[in-house]
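In structure tokens below, several structures.
The two complexes that follow have chain A in common; it is paired with chain B in the first and with chain C in the second.
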Partner chain A sequence: MTTSAATKNIRDGNARHLAVDLAVIGSGLAGFAASIFAVGRRIVTAQVGNTGAVAYTTGYLDLLGREDGSRTDVTDPWQALEKLAADQPDHPLANVPREDIREAFTQFTAFLGEGGLAYSRPGERNLTALTPAGTVKQTLCVPATMAAGCHAYAEKSPCVIVDFKGLKGFSGRQVAANLQARWPGLATARIDFPDIMTGEIYPEVMARALEVPATREKLAVRLKAAAGEAKIIGLPAVLGMHRPDLVKAELERLTGLVIFEIPTMPPSVPGIRLREMFEQVLPQKGVTLIPQQKITRLNFDADGATLSLADSFGPIELRARAVILATGRFLSGGLEAERTGIRETLLNLPVVQPDNRNHWYRDRYTDPRGHAIHRAGLAVDRAFRPLGSDGQPYDERLFAAGVILAHQDWIRGRSGAGIAIASAYKAVAEAEKFLSSRS
Partner chain B sequence: MELLPEGASFEACLTCGLCSSGCPAAGIENMDPRKFIRMAMLGMDAELSTTPWVWCCTQCRRCQHVCPMNIDISQLVFLARGNWPQDQKPSGIVRSCQMIRSTDSTSAMGLPPSDFVFVVEDVLQEVRENQPAFAHLQAPMDKKGAHFFVNQNSREPMSEPDEMVPLWKILDLVGADWTYSSKGWAAENFCMFAGDEAAWYEVVKKRVDAVSDLGCQVWLNTECGHSYYTMWHGINRFGLSADFTLESLITWYARWIREGKLPVNSKWNTKNIKFTVQDPCMIVRKAFGEAIAEDMRFVVKTLVGEDNFIDMQPNRSANYCCGGGGGFLQAGMTDHRRTYGKRKFDQIMATGAAYVLTPCHNCHSQMEDIGHFYGGSYGVVHFWTLICLSLGILGENERTYLGPDLLALID
Partner chain C sequence: MTPDIAPKASRNGTRTIATDVLIIGGGVTGAGVMRDLALRGLHTLLIDKRDLCAGASGGNHGLLHSGARYVASDPHSARECRQENELLKRLAPQCIEDTGGLFVAVDGDDPGFAEEFPVLCTKAAITCKELTPAEARGLEPKLSDRLVKAFRVPDATVDPFRLALENVAHARTLNGSVYLPHTEVLRFEIDRSEIRAAVCRDTRTGGLVKIVAGQYVNAGGAWAMNIAGLAGCRDVNLLYSKGTLLVSHDRLTRHVINRLRLPGDGDILVPGGTVSVLGTTSVRTDRLEQVAPTIEEIDINVREGSAMIPALAHARYIRAFSRVRPLLQSSSGDDREATRGFALIDHTSQGLTNFCTITGGKLTTFRLMAEKAADLVAARLGNSEPCRTAAEPLPDGEACRWTEPGGSPKYWYHAGKADDMILCECEMVPQSAIDEIVQNAPGAEEEMTLEAIALRSRAGKGPCQGSFCGIRICSYLYDRGHYRDATGLHHLRDFFNERFKGQKTVIWGRQAAQMELAEALHCGLLGLDALEENE
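And now, the complex of A and B:
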């Protein structure tokens, strides 16, 4: 959006126009992943979406941590994917070849690393990672700032979990209480964060303060005292916002300790890190990013699609030759639950869903088999094109990615990032195939 | 005392706390945006209309920016401010609004039109006499039909008149057809921050009339943040008809550089002095968005060299308010304002830059103050100063904000 065009709109109210090859709708993990893969394929791309739910992530990138209905962790996600494909052929992860999923995670984590957030690469097996509740979970890739936690847990090394006065949503004692039986060498300490007055303090505030060398030096003194004899300490995820790897390295240098982060309850730093990095780096790579806006109308015609939105200065019209719908579920507004059923909000696409509200939930919320409503969403063809009411692709130019897809329960499967990244990879590949066939 | 505006979807709040986590005012007066909205939902209007926190919130709208539900909490704060009895509102803000309404200048410092005209003429004459290269310099007043109606923050004519000169030189150099107006020339508008809608309207109307009377095509907002927002948002909010566009000087700096009319470069920066930039909320997040943020970076990088520019984190629309906005600088709540400003101080210190550039007077004052208070060693400079420095035309009286390192490069 040019400024001169923006000001002109005060006068005439005319829409500003943009034209791209690919429009990505949504700014969650799937939307950002789609833009990243599109950049990799040199597709001229615009991405539009409201703030999205990226800031709620732990920072862990799960592929598949649980089999549906099972209480057993998945340690080999690649093998589990084979079983998933056999048991649930409609599951989105069953429709992306495993080598593509691996490539998608490799490209995605490489992009994060180049953007300043180093991640572990996808391995053959899941990693066992710590949660703020003092439980563990299976995940595929972790931020470099958290990797030492996986290692310390595996080795059961003597370790002190340090938390901060005034910080809600993370308690060292809670972590230790739940892990102590399996990890006897675990101790805890509570310290004051330097230069922060009394009252509630947020991880975001601490993370930004730790970008300042003087704050790191003050904290290092307190961490050394808290560590006692231990050589390893775990902290809530507060090690910087923009340069976490540098902050971690500097604190380790200053203390002589091995330091790792554990995710905190939202609002948490790892998600804000991701969002701020995406919003800064993608425009530098040529993506036209229009954040904080929602598409209000989407129309297809013979030559492409028209997406309508408006910002403070008036209407914007975006023309695209292909569109990826990554608008998420209920929280992000991709789906809406009404008394009569579940609706897709932008095109009113058919939603796979239970036949009536009485079948949305089982009696017990914690039932390991999950609930039917969580599997509601869009049905797609092999090319990840959403189906219309006639069972055929709604439009040859429309693709879908992320948790708006039907036949998956990402929370129970510990597969949210996996579905987002894998389906975005596939949708972009298919969109590119379509675009080249028409050029 | 109804606080929730009609049609507001505040029940969409998930209470996730991203707003409070990202708000430098969170915790001051034991309040934060999440608490504020929950209390509003519970109908605790009386409590919300008496908490002094509403004067610590700068209405920067960062809470809305990070809210997945896009909830505008600053709107509630505006209404809550309005609910305060006039005599209990911070007197500095109220007085500034009263001063704005006291003369046709619309100046928050109460500088009447005749004094403004006198100061401009006086300074102009001095420049013509003492700077031979600018013996021809103009500062047109009430020139009908000029393309640009240029406004001016009162701080310059009132307290540091020499700071107007670099702007005049730039306008001269690019051959701009511009004018000041003796009426409605002032930039600042604290009536919005006082929560006084009628007064806000009155000020905006007076300024719109002043531009229309002179028949100018562009109301050019100089290096001042909230003046743009109060005017632009006010015109839309009050349905005023304005047959001119509202533009920012930053956009024009960028344009004049691109067109070659402002031949600045970074060759002067032989010591590779580092600079960062402060995105004023009022013109970036709350108005133009990323476009003007990009223009600002283009101008700064051209001026200081690409490698000598270090962005603050976060930046652009995600940037933090400095803590000088929303009338906070005028509210007399110094301790709270500095607590708020600690976030900005950390951001600046994390860049390691020697100078912060910002096209906003409130940002400028606040960043200087927190720098001194928290022991920072950075300086704060206007764009016009650095542009004229780069062009080798910065007069001796126009170097107030330069530290020894920059002064050494001139001499």
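And now, the complex of A and C:
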């Protein structure tokens, strides 16, 4: 679409006033995806709202890894989406055409690559990816730093899992112990991280240290020794923060080995990489980004919406012609579970939810069928507009995206990124349609 | 009799173990009997079908009663509590925090009860000092502004896990007495008036163990009636009362706070290290297994408790639990009115001469209960040594100290080893604690479950309820070679499933966010919901 005006920034007595075509509320995966798609469509956009759960992601971008309510892995997510659409017509992924989902993943991973985080493109089948527990999971796209792990697992190539003295929660022996029956060529080694001899070390510190060439050279010596006869080594995800692909390539050049990363416990380096890249690149692309601040009020009127927030320079009033709500669930604060029921926190939108607290959880935590509380959320119309208490869209200018949507269990479905990216793509497309109709 | 604990395998694969006394039930009472007998020179074997304090011993407020709670309903118990309270404060201070207690009445509570209370306390020789409402609120600012009456009494708090662990550890040190977890009695071999052996099963391996003893003590708590039944005894009559309690994220008061009225729902708030425990509801039940809190019980406790401490209405809770209390059969209808006293049953009326049951009672009087049972057992074995637990201090065992609320950071800091990494960040449990527990704690074994480690430490007791430290401890156990294959992940899953039972009814507010993150990690990433169900 064409936009008439660039971001207007007017300052009066108290509040600063900004005006955009689209305001994205939420700084999780869905919020960032919405901004990326809006940039692609040349929509003047501001993204606001608390930092979401991006730093808690592993780096893997799941579309649909598990058939709902079962222990069955999904190897062909596109075919599984067809079944999902038939079985659960209200599921968010059932309401975005498959070609749009594919396009959304293609655009999203391309943007990540341009931003300095190369990713595998969405394929026809899921990848089998490694976890720090020594289990595997189905996912659609992985960072380039992790791709060789999927390949090594598929080929069962001789490989050494390296872990670090002082890095807790990641045990090479654990990974090998759980995979050894399927992958006999797996060995482990523990090494010191360069220049850190005692005490605890943290992935983030290690990743930033590996941006420095001298640290890489020292690590390369240790890795070569640890690899022994093997040609492939796996490491916890610590290969640099801003230029992981370069760090990996340099270590591979120095060692002559193939190297891959395995995600660590959150908050993990791959999650922080995504957040830092988004926060750096999106403003360069013209998005007004105010990520750390909570929206205190959102009002709609005949001409648009007004969002109130404040940053360290004082209050801000943001006018937008359309709004995408991507505030997440309980962890990110989009929903609040109260003793008496589940509430949407910004507009008090109706929340589809179980009758009462008795029905939120099943007795068994790891029940593969999942818990009803996760299917609570916002109901939307075909255009991803959240419904108000009368069952009609709350406002023609309001759209919703991400895991705040009802009728899905992203945890059991291994579909968090899929729901975020697909629904953001759809919500932006619908917002654009609306904006065009009014320009 | 010479203790012979080296198991002998028979041809059919059943191990046989011999001891002077077999004690069935690893609650505080069983642990107390074990130490008492060891102090008299008798060798014992303590078994529990689950683990130490798995029943009511581990499922209460951790209150060391001053006795004031019972002055109206059960003066005899009140006096026993007062005596034991004074004794334990002196002899086992490492297990006790001398918080002091308040009894408070709010507007609308029965003034007659408040009038009579100090008189009854004096009668039971319990120190009781009246405070003005302003003084009480000065001590405890979170008390309601509708306070009308307040008394101060010598209540305290006690860590039942450490108490049991220390008793078992001392018995081991004294004469090599042995504790076997996850060992369940299947049947007794009885010849005329004597039990000859208890045939037991290791509930984890399924292996059979035959235990041959001179005397058999049933300290099965709520399960005592069932255990007595296995020996054909019909003279143990218990009522079962289910109690539900909540644990708050923060410690809300310094003192134990009791409602100054006849015992009722949500009438007590007991601090425990960094948290507070609110309780308790009381309902009659027939079930001994799979008792779990209900949403209704949680809401009742919160509503009633907030009359004393309004902050309870909006507090963050991290856990709730239910346990079954054994009450001795009485004619009265209300379980809280049933006697809180204990009973020692010698089973001679049932034709047995080497079996007894000790049950009822409460945490505060566990030592006295153990003394009575040990007196009988010792006499029956011709041992004339007197009881020494009323004078001998309980030693402070290194491997038992990790259950102390707030203790871990202190020990870790004093040790000052940078390489000793903290695995449980909420409660500051370091690697060295895990090592010490796996090597030396009572009931330690090569492949310990995460639940067994958590029972012997503070791991998993903080706001994250083990969702992060469970993973770190599991990794560490793989690192150290205690876990060697996929069963380690089954232990991890089982640990989270077990912790969840206590979380399920209190997941709202911040806990809902915590839970969402935990589940995304455990199931979404690690796939613990997809492990084979082969166990």
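In the analysis below, the second predicted complex is superposed on the first by the 425 of 439 C-alpha atoms of A that agree within 3 Å, B and C clash if a C-alpha of one lies under 4 Å from a C-alpha of the other, contacts with A are read in each partner's own complex, and residues count from 1 in each chain.
Keep in mind that, in the parts below, contacts are C-beta pairs under 8 Å (C-beta built on N, C-alpha and C of every residue); 3 or more make two chains touch, one makes a residue touch a chain.
Here the structure is a predicted model, which is why all the values come from computation and not from measurement.
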{"item": "First, second, both or neither for A:P291, with chain B first and chain C second", "value": "first"}
{"item": "Chain B versus chain C as contact partner of A:Y425, first or second or both or neither", "value": "neither"}
{"item": "A:E200 touches, of chain B and chain C: first, second, both or neither?", "value": "both"}
{"item": "Touched partner set for A:P266, first chain B, second chain C, both or neither", "value": "both"}
{"item": "Contacts of A:Y56 with chain B and chain C, given as first, second, both or neither", "value": "both"}
{"item": "Which superposed partner A:H242 touches (first chain B, second chain C, both, neither)", "value": "first"}
{"item": "Touched partner set for A:Q280, first chain B, second chain C, both or neither", "value": "first"}
{"item": "Which superposed partner A:L331 touches (first chain B, second chain C, both, neither)", "value": "both"}
{"item": "Set of chain A residues, in rising order, touched by both chain B and chain C", "value": "53, 56, 199-200, 266, 331"}
{"item": "Complex interface listing, chain A residues touching chain B", "value": "1-4, 6-8, 10-11, 50-53, 55-56, 195, 197, 199-205, 208-209, 211-212, 214-215, 241-242, 266-267, 272, 276, 279-280, 283, 289, 291-292, 311-313, 331-332"}
{"item": "Chain C residues within the chain A interface of the complex", "value": "292, 294-295, 299, 302, 418-419, 421-423, 468, 471-472, 474-476, 478-479, 481, 483-486, 488-489, 492-493, 496-497, 499-501, 504-505, 507-509, 512-513, 515-517, 519-531"}
{"item": "Parts of chain B lying in touch with chain A, wherever the complex brings them together", "value": "14, 16-18, 20-22, 26-27, 30, 32, 65-68, 70, 232, 235-236, 242-243, 245-248, 251, 286-292, 295, 313-318, 339, 342-343, 346-347, 349-350"}
{"item": "Interface residues, chain A side, partner chain C - complex", "value": "53, 56, 58, 62, 66, 71, 73, 131-137, 166, 168-171, 173-174, 177-178, 180-181, 198-200, 263, 265-266, 329-331, 333, 336-339, 356-358, 360-361, 363-368, 371, 373-374, 410-412, 414, 416"}
